[in-house]
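The next part holds the structures, each set out as structure tokens.
The following pair of complexes shares a single chain, chain A, combined with chain B in the former and chain C in the latter.
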Partner chain A sequence: MTVTAMSSSGAAVPGRPPGRRRRLPGWLAFYGFISPWLIGTAALTLFPVGYAVYLSFTDWNGMTSFKPWVGLANYQQVLTSGDTMSTLSKTLLLTAVVVPVTIVGSLLLAMLLNRRMRGRGVLRTLIYLPAVVPPVASALIWKVIFDRNSGAANRLLGLFNVNPVSWLTGGNVFIVLIVVLLWALGSGIIIDLAALQTVPAEQLEAARVDGAGPYRRLRHVILPAISPILLFQTVLTVITTLQTFIPAILLSPVSSAGGLGVFTNIPPANDVYMVDVYEQFFNYSRYGYGSAMLVVFFFVIVAMTALIFRFLGRSVFYAVDPTKVHE
Partner chain B sequence: MVNSPEFTRRSLLKGVGAVAGAAGAAALVGCSSGGGGSSTPSKVSAIKPGTLTIMSPTGEIASSSIAAFQKAHPQLKIAQINTDPTRLNAMLAAGNPPDLVRDAGTDVTPYIASQGLALNLDSYFEQSTVLKPSDILPVNDVWKWDGKQQGQGSRYGIAKDWSQDAMWWYNTEIWAAAGLAPRAPDTPVTYDELLANAKEMTKTAHGKTSVYGLWYVTPNIDYIAGMVATAGGRIISEDLTTVDFSSPEARQALTWIVNAGKEGLGYSVVNPPADWDGPELLSGKQAMANQGYWFTGYAATTNPAYETKLQFNAAPLLGSTRISPTYGAVGYWIPAKAKNPAASFAWLEFYCGGAGARQRIAAGDGLPSLRSLLPLLPQKIAFDSKAVATQENELSYFHVVQVASPYAQNTAINTTLVKDFPAAISGTLSVGALADKLTTDVNAVLAAGKKALGQ
Partner chain C sequence: MTAVKNPARGTGAAFPGQVPAASLRGRARRLAGRSPLAVTVAVLVAVILTLPFVTLIISALTPASQMGADRWLPTSLRWANFTDATRYIPFWSMTRSSVFLSSLFAVLTTFSSALTGYGFARLRGPGKRILFALLIGTMMVPPIVTLIPTYLLFSDYKLVGTYWPWVLWGAAGTPYAIFLYRQYFSSFPKELSEAAVIDGAGQLRIFCQVFLPLSRPLLVTAFVLGFNSVWGDFIAPDLFLNQSNTTLAVGVASGYQNTQGYPLYNLLAGGAVLYVVPVILLFLFAQRSYVRGFATTGLK
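Then we have the complex of A and B:
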């Protein structure tokens, strides 16, 4: 039915139906709906990233309006600085230790907790508990445990007549950092437990009937079934380990710049890449150099992620070919 | 039929780009509006009503002080923000700084003054009826800068309370137990004597130390420069552009710090404590603490029973020049772009010389900035009187020791020192090599700072 409106002269004119809103153009509706996200991303992600890239070409000290343009000098220094390369290699070493232990350890514990046994729920809760402790609290707890003079670790060693060890200085503090990072294994276990639920029972049963033992069932049924999850976990753990920061600074002794809010006593062994970035920004006021370090690190992370997909991606079994998925 | 909208990657990116560009441009305008201040004295303005923002560690300023100030200045309201260098940098760069910044005068004055970040306060001090230049103690010279030297020229801030931080305390009980008779409080000992005494008082069994003879030795530039000054040397060059840790006096100081760490006579960078000196001294786990006069107030409020076991002593000497510096002279500076500088200065008058200062000085929380407030130091009990006597004698040996540079903040220099010392203490680096490494590394920091200023 066509609805008409009356003109002032009383003649009927074609118009929109009363009570119905005019349709917005599609493009306007689209941008209207996504604008909160667009504005948020632009203001909180794109602009800071762009600004950091701009700063990386300057020698800004973070306080004055003067930002001397230095071109690629910061990048040249990042790529040739022995100190920066040392922090990068320390970070890669940390990643090389933490990632495999996290992936394998959480999978083994998840398989253990997936078995039917008494007290399984309590065990699952206990193992997951450290993952819900905030990283700051976790680092501080470990700092107390490894304190040379009053920590539980040295008290335990004392029971076996072992002299106290200075855990929080020298190379030992790097071991403590690894322990702190591995302590949060629980979140990986939860993901693996969820993944293990998706392994088809009939396939496991068929393998068992065909005479496959536990190892062969793991190798040929379980791992292929959960391989996409393991790949996801590997990528995520690599990225988060590369960006290790909070535990590294919180394991430092009481800062000599107490009250100033800056950590000046970070042990050299814990000088991982993000700690170095922090120091360049806030201890040395080298905002340009610190920004260049971040840009370089972004490419390192992208490269490592690409390498993981290149080498591990082949071993991943997808029940549905992801390249042929259509909406 | 309504046509479906067509989205192409190009049109989407154009939309995102426009939004990002607008946000970026707006923020860049904000970020580039900072500017240098003037080194000439500012004209004294009238107090405008409004909010006075103070950047200071949370809890440091008592609420009673704030209430008293607001009562005296009803047109002003105090807002506190916690000390945060990152936030301060952002606020300074955006041209919207806090009205007052709490800082250590020894460490920041050349930097904030030479870069135009701080307001030249000469005019304000000249007209002040509370903070009269003739009444201001020489410690506040650390807040002076003439464009080349710290200690001379215009004033850029004032200490709220301070101490001569190379002085030290000892636990007489531990000294007596070791059969040692300490020298008179106003007689300085040498650093070597201290080390020898510390060795006798340190109790170690099965690799575990139950009592440390010495204090927590942290290698920082204030401390080292203070030691070196007592041997007649200096670390930083006359033009404040370079440092030299390889002079005989500097090597002597480095040797002492390295030996103290190596022998485990006190906490050090390779054996850090869980806390600072105070609690350890007052719990009988440490025979000495490297703290200034302000420690009287701490002892009185923390463990009054311990007062009879404490003795306050003159600053030790590395050589024969009697100098007793401050490592902070912590107080306030007013940013050059502060919106209400007269109100900021009113806070300085109240808190560093007026009613707010008197309250803290009477509690023994530190020395005043004004000579006229010295009689307020607590002397009701014998412990207080002895500490004041030692302190009054020590005042005549105060001297501004040059440690800061306009090209780097001391935080940067101290971060570098902490990285280099552990290798020397653990024996993998000789003192000579440490001196060379410190010189090279700190000079690199200063050179980078100089370059960042376009010099």
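Then we have the complex of A and C:
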């Protein structure tokens, strides 16, 4: 590696004019490289978050230039409102169902597809494909399938003489929402397959020689080796599932009553937290209350992440301290 | 050591012929590979996960009069559903918006994230640890938490209704992609840049001429992730754009219904097929590099 890098540009050294050798100090180069991200994050993440925090202390309706200060009243209301807490618990329920199935499902499928078999490439692609489909499309696909009159779901049930079910209304739509999210079950297999290649072959071999069966090899060799990746994946999946929004609104039987993209009658069963926030802002113009909900939600996410690190982090095994790789 | 390692390398993609020393492990693997149960389960899962696509395509080809009918396949295929779907909403202008915005954002975010990832992986500066913690922290901020306040701010600056927000978001990079780049660039041997530094190359030249050409898989991964995130996004165009310049996601999601608000399922299915096909093609086209991009990031 070194040799090739040297020889490609090494010939130019003697003739180089001295001026070209003047370089920026290291720290300036560092800040130069990260400046697009740093400025962007300051302007597009930190500033809006700060603005949301400010609004959360007001009772603004989005119209007036005056933003009445109400102190902690919005927070008090968020934490005591039965409606908001029920949307939060619904979101946590959704996460509790979807995340374990997705993480375990991805890992099992990855282990299955890591074996040598005919047509493995095609099978990998087909199982991963639903994870590529954008959320807008997957919501619409399942909406077509679960339609009461023309959907394939009821036709399938009809084979077993079950009467047509109204999937997209009432409480049933929550089941459809779970199905939509679970369809992307294989979303982690690409990362899991990559992770499985890092399991030390010597250790697997040693375990096999010692008579460890598939379960014990998984438990004592494979899982410890890939645990940092599983932890990372779990945290990311929890965060994205908590934010579920698009499928929840697009499953509504009648969408966009007021022109393109204005949703007014989202079924109450799919009233997950982000849907509630959306309605507070755009249907009720409660900008202060909506902002307080966003801030509370951020702390929920931080708390969930901390919990995951607390309980799963202990069993994570780092072969190399990832923070010290190139220091 | 190397003798043991070689077969392990082969398990990624290669086949038995490439493994010279047929170890116990290799034989066990080949036997396992013939396990009919594993193949059956894999095929079954693949079929179940593919069925929704099949039903979608069938619906897209069914005449409206047969949509509610109690049969699995229509008596005749109606290809005109697709052309109707492109006429019922301003399909082509929305497609143009989607292609333009998705590509613009993807190109910008791919390079901006690479720059930042390089900075975190190979350069030093005061406050680097804190800034890296900030990067990881922003991964935890749900996009929608910033989206609504950003909307309020951008409307003050008359940026709502324009494509500028996507330029700014793209230039700012994506935390997840930055993280992948950082992992990837960290795994390069130190000598690689040291040699170039001795030669007098500046960091920007090292980045452009040494690191970027070596990171094609990850560039593809970041581009695909970026493209899909805009192509699939519904909330930002719904908030920031208007009917005349919005994206296909908004059109397909809310355009196919009659005046009573009842969904026109065959057009919806046709539109959904047309909307998904580009994303699937992009993935199939880029799959090899995309997978390698994840595999080589050393998420260890």
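Note that the second predicted complex is superposed on the first by the 282 of 327 C-alpha atoms of A that agree within 3 Å, B and C clash if a C-alpha of one lies under 4 Å from a C-alpha of the other, contacts with A are read in each partner's own complex, and residues count from 1 in each chain.
Note that contacts are C-beta pairs under 8 Å (C-beta built on N, C-alpha and C of every residue); 3 or more make two chains touch, one makes a residue touch a chain.
Note that the structure is a prediction, hence the values are computed from the model and not measured.
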- Task: Name the contact category of A:F232: first (chain B only), second (chain C only), both, or neither.
- Result: second
- Considering only the touch criterion stated at the top, classify A:F47 as touching first (chain B), second (chain C), both, or neither. both
- Message: Just to be sure I read the superposition right, which of the two partners does A:A206 touch: chain B = first, chain C = second, or both, or neither?
- Response: neither
- Message: Under the stated touch criterion, which partner chain does A:L126 make contact with: chain B (first), chain C (second), both, or neither?
- Response: second
- According to the contact criterion defined above, which of chain B and chain C contacts more residues of chain A? C
- Message: Looking at A:M274, would you say it contacts chain B, chain C, both, or neither? Reply first, second, both or neither.
- Response: second
- Task: Tell me which partner A:P164 touches in the superposition: chain B (first), chain C (second), both or neither.
- Result: first
- Message: Quick one: is A:T64 in contact with chain B, with chain C, with both, or with neither? Answer first, second, both or neither.
- Response: first
- Message: Tell me the contact category for A:Y284 with respect to chain B and chain C: first, second, both or neither.
- Response: first
- Message: Counting contacts the way the document defines them, which residues of chain A are shared by the two interfaces, the one with chain B and the one with chain C?
- Response: 23, 26-27, 29-31, 38-39, 41, 43, 47, 51, 62, 144, 147, 149-150, 158, 253-254, 256-257, 259-261, 281
- For chain C, which residues count as touching chain A in their complex? 4-5, 7-8, 11-12, 15-16, 23-25, 28-30, 32-33, 35, 38-39, 41-43, 45-46, 49-50, 52-53, 55-56, 59, 67-70, 72, 112-113, 115-116, 118-126, 128, 131, 134-135, 138-150, 152-153, 168-169, 171-173, 176, 178, 186-187, 189-192, 195-196, 199-204, 207, 210, 228, 231-235, 238, 243, 246, 249-255, 257, 261-263, 265, 268-269, 272, 275-276, 279-280, 283-284, 287, 290-291, 294-295, 297, 299-300
- Task: Mind listing the chain B positions that touch chain A in their complex?
- Result: 2-7, 11, 15-16, 19-20, 23-24, 27-28, 31-36, 57, 60, 82-86, 89, 92-93, 95, 115-117, 206-209, 218, 220, 269-276, 408-409, 411-412, 414-415, 418-419, 422, 426, 445, 448-449, 451-454
- Task: Write out the stretch or stretches of chain A touching chain C in their complex.
- Result: 1-2, 5-6, 9-10, 12-13, 16, 20-21, 23-24, 26-34, 36-41, 43-45, 47-49, 51-52, 55, 62, 109, 112-118, 120, 122-123, 125-127, 129-130, 132-137, 139-145, 147, 149-150, 152, 155, 158, 183, 185-186, 190-191, 193-195, 197-198, 200-202, 204-205, 208-209, 228-229, 232, 236, 239, 242-243, 245-246, 250, 253-257, 259-261, 274, 277, 281, 287, 290-291, 294, 297-298, 301-302, 305, 319-320, 322, 325-326
- Touching chain B in the complex, chain A uses residues 23, 25-27, 29-31, 35, 38-39, 41-43, 46-47, 50-51, 59-66, 68, 144, 147-150, 154, 158, 161, 163-164, 166, 168-170, 253-254, 256-262, 264-268, 271, 279, 281-286, 288-289
